[in-house]
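Chain lettering (A, B, C, D, E and F) follows the sequence in which the chains are written, and residue indices restart at 1 in each chain.
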Amino acid sequence: MPTVRVTRRAHFCSAHRLFRDDWSDEQNREVFGDCSNPNWHGHNYVLDVTVEGPVDPETGFVMDLKQIKRAINERVIDDVDHRNLNLEVPWLEGTMASTENFAVAIWDRIASALPEGVRMHRVYLQETPNNSVEYMGPAAG
Amino acid sequence: MPTVRVTRRAHFCSAHRLFRDDWSDEQNREVFGDCSNPNWHGHNYVLDVTVEGPVDPETGFVMDLKQIKRAINERVIDDVDHRNLNLEVPWLEGTMASTENFAVAIWDRIASALPEGVRMHRVYLQETPNNSVEYMGPAAG
Amino acid sequence: MPTVRVTRRAHFCSAHRLFRDDWSDEQNREVFGDCSNPNWHGHNYVLDVTVEGPVDPETGFVMDLKQIKRAINERVIDDVDHRNLNLEVPWLEGTMASTENFAVAIWDRIASALPEGVRMHRVYLQETPNNSVEYMGPAAG
Amino acid sequence: MPTVRVTRRAHFCSAHRLFRDDWSDEQNREVFGDCSNPNWHGHNYVLDVTVEGPVDPETGFVMDLKQIKRAINERVIDDVDHRNLNLEVPWLEGTMASTENFAVAIWDRIASALPEGVRMHRVYLQETPNNSVEYMGPAAG
Amino acid sequence: MPTVRVTRRAHFCSAHRLFRDDWSDEQNREVFGDCSNPNWHGHNYVLDVTVEGPVDPETGFVMDLKQIKRAINERVIDDVDHRNLNLEVPWLEGTMASTENFAVAIWDRIASALPEGVRMHRVYLQETPNNSVEYMGPAAG
Amino acid sequence: MPTVRVTRRAHFCSAHRLFRDDWSDEQNREVFGDCSNPNWHGHNYVLDVTVEGPVDPETGFVMDLKQIKRAINERVIDDVDHRNLNLEVPWLEGTMASTENFAVAIWDRIASALPEGVRMHRVYLQETPNNSVEYMGPAAG
C-alpha cells in the first residue's frame, strides 16, 4: 500500500492586526509597521491542509476528502471567515495573530479530527500571494 | 496612430464592513450577512486601472506606465493599504464601503491624474477571486 | 447613480464530447479530433456571470451577490457539476455541447432570474486555461 | 556538484468516475457521492513531475528538460489526454481511478525513463484547484 | 445564430529593450528607465487572441480552435518565441518594441488568417502580471 | 517554540541564453536548442525564498519579513531585474546561466543575510509556469 499525501485547499477572509498591548503605540509601529494599524486591516487567506497515509485498496483513498473538508470547515473556516482574528477566535486568544502562530493553531484544530492511520503532514497558510508560512508539526522542529 | 488600452495592476489589503448606522443590527445582518460583522473583516484587493489613447509614435507608449503606477500608488494605495475602508479613507466617507462604490471612487481619484489625450477606460476591482466589479465611467451608464 | 458591472465566478466539473450522430465516426474524428472521443473526456469549467445596473444608494449594491450566487447554483451548477453535458442536462438537449452553445444556454438560464433594473452583461466560460468564450447576449450580434 | 530538483508541469483533460462494480449503486453513491455518477464527469488535471540529481557542470542541467517533457508526453499525456481513465488507459486497469492511485501509476511510468544519476522526487497531481495529491515514491512510506 | 467571442491563449518568451537610436543613452535611460538596458531584458508574454462571429449550427463552433491555434503559432509564436523582438522579427522592424506596438502588429498578423464571417475582436498582450495592453482594432479608435 | 517555515515571493525580468563559448554554434544549438539563441531571450522569473526557525514568542515571527524582503531586493533583485544574466551579474560569472545554477547562487546570496537562529530551507525559482527548480542547500545532497 503506497503512502500518499492529499491536500485540500480552502479560502477565508478575516481582519487582524499585529500588536502587543504591553508595548507603546510607537514600539508596535516600529516593529510591526502598517500591520499594527489600530483600525485593523485584512486578508483573503488561502489554507492548504495536507495529510499523509496509506492508500485504502478498497476506495483508492488516503481518506475521504469530504471528511477533511468538513474538519476544515467546522474547526477552522466557520470560526475565522469574516471574523476578527484578534477578537473573535477563542483558539487564537492569548497569541500574537501572526501567520506563523495561526498555522500552528490550525494544525492542532485539524490533527485531532483525522481518522486512524492518517497523519497531518503540513499546514500551508498564505496571507498574501507574496507572504506565506508552512508548519510541519511539533516533530519537525 | 492606433488607439490602445493599457492596464496596470496593483494589490492592497484592507479591513471593512458593510452596515448602515441608521439600521438595527438585525437589519444589517439580514441584508449584509457576515459582511456586516461589527469587528470587521478584510480582503486582499486586486485593482486593474485601464486607460485608453493613441500610441505616441516617438515612445510607442499610450502613456508612461510609471505615471499610472505613481497615480495609483499616491492617490489610492497609500490611502487604503493596511487601512480600514470605513474609518480611515477621507474620499470614501459618507458612502457604503461596497466594492461598487469603491470602484467608482477610484475612477475619480485616477481620472484627474491622466495626461492630455489619455482617458480612463475601466476600473476593475476584485474583492475575492469569486467577486469583482468593473466601472466604465459616468458616460457608460 | 453610477452604472457598475458585477461578476460572480463559479467552478464545476463535467464530462462531454463533441460529435454529431448523423455523421460517421471518421467525420466526427476529422472535424472534432480528440474532442469526439466516444468514451468522453472532461473539464474543470470556470464560469463568470457579469450583470450590470445602477448602484442602489441604500445598500451600495447593484444587486445582492447572494442572489446571483443562488441563481448560478440552482439554475446552472446543480444541473451540470459532476454530470455529463451530452446526456444529463435537459436544457442542453438537442444542441452540440460546444463551449459556445453552452455559454449561450447559461445566459438564458440566468437572465430570467435577475431583479428588475439589472441586466445581463456577459457570460464568460473557460473550458481550459487556454480556451474560453464570451457571450454578450442576443442584442450584441 | 550541488543537488537540485527540477519540475516540469503538464496539463491534460480526462473523464473518470469513482465506483466499484462489486458494490451496489447505492453503496457507490454513499461512499463516492457525485464522483460515482454513471455517466462520468471530468477534470483539467495539472501534473508536476519533480526529479532530483547533481547539476552537470558542463550543461548546468540536472537533466535535459526536453527529455522529461518527452517522457511525460509519451508515457502519460498521450495515453490519458481526452481519454476515459476507467476505460481507456491500460496502465490504470484494475485500480480505482482515484487521484491517489493515478499519481502512483504516473510515478512508475516516468521513473524508468530517467537517465542514470537522476531520481524521481515527487509526482504532484491536481484534480481541481482545491484537491491535489503528492506521491514521494515507494521509499517514502 | 448567436454571436459569440472565442479566445485562444498562447505563451512565449522573448528578449527586448526600449530605446531610440536617435536619442542619447541618457535620454533613453530617462524616458525608458531600466527597460532601455543595452544588454536587453526579457519576459514571459501571455497572448490572448479573441475572435467574434456567429455560431455554426452544424459544429457549434464560431471557428475551429485548431485554426486559430495554427494561425497564432505560425504567424506569431514561431517568429517571436526565444527571439529578440528588436533584432529578429521582420514584422516588428522599424517600430518601437513596446507592448502597445507589439499588440497592434499581432492583430494584423492574425486578422488576415481568419475564415470568412469571423472577425478579430481583441488582442490582449500581457508583458508581466502587472502590465498588459489590449488592442481592439483600427475601427475602435 | 514551534519551528515554522516562512516564504517570501519576488518577481523579476531578465535576459539570458544557454551556451558554452568552447562549443561550436551547432553543438550549442543541438544541446540547448532555442535557449542558445545568440540574440538572447528572457523570462519573468518568480523567486520564492523559504527560511525556517523557531517562532519568537514576543513577536510571533520566525523573522521580520521586511528583513527577508530587503535581503532579496538588495542581494538579488537589484542585480538581476531588467539585466542580462550572462553579462551583467558578477555573482553568476563563470557559471552556465541555467535555472539550476541560478538557484544555487541565490541561496548563497541570501543565506549570509539571515539573523542568528534562522536557516535557509529552500530556494524555488520558476523560469516559466511549466519549468522550475528547487534547491534545498548543500546539506541536502
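The definition used in the following text is that contacts are C-beta pairs under 8 Å (C-beta built on N, C-alpha and C of every residue); 3 or more make two chains touch, one makes a residue touch a chain.
These numbers come from a predicted model, not from an experiment.
Minimum number of contact steps separating chain B from chain E: 1.
Here the chain-to-chain distance from chain A to chain C, counted in touching steps, is 2.
Chain A maps onto chain F through a rotation of 120 degrees [Cα fit, steps of 5, range 0 to 180]. If you average the CA atoms of chain B and of chain C, the two centres end up 28 Å from each other. Taking each chain's centre as the mean of its C-alpha atoms, chain B lies 34 Å from chain F. Annotation for chain D: residues touching 2 or more other chains are 129.
By the document's touch criterion, interfaces exist between A-B, A-D, A-F, B-C, B-E, C-D, C-E, D-F, E-F.
Those residues of chain D whose C-beta lies close enough to touch chain F in the complex are 2-10, 50, 54-55, 58-62, 64-66.
Residues of chain D touching chain C in their complex: 11, 13-16, 34-35, 37, 39-44, 81-84, 87-88, 128-129. Residues of chain A touching chain F in their complex: 18, 20, 31-33, 95-101, 103-104, 129-136, 138, 140-141.
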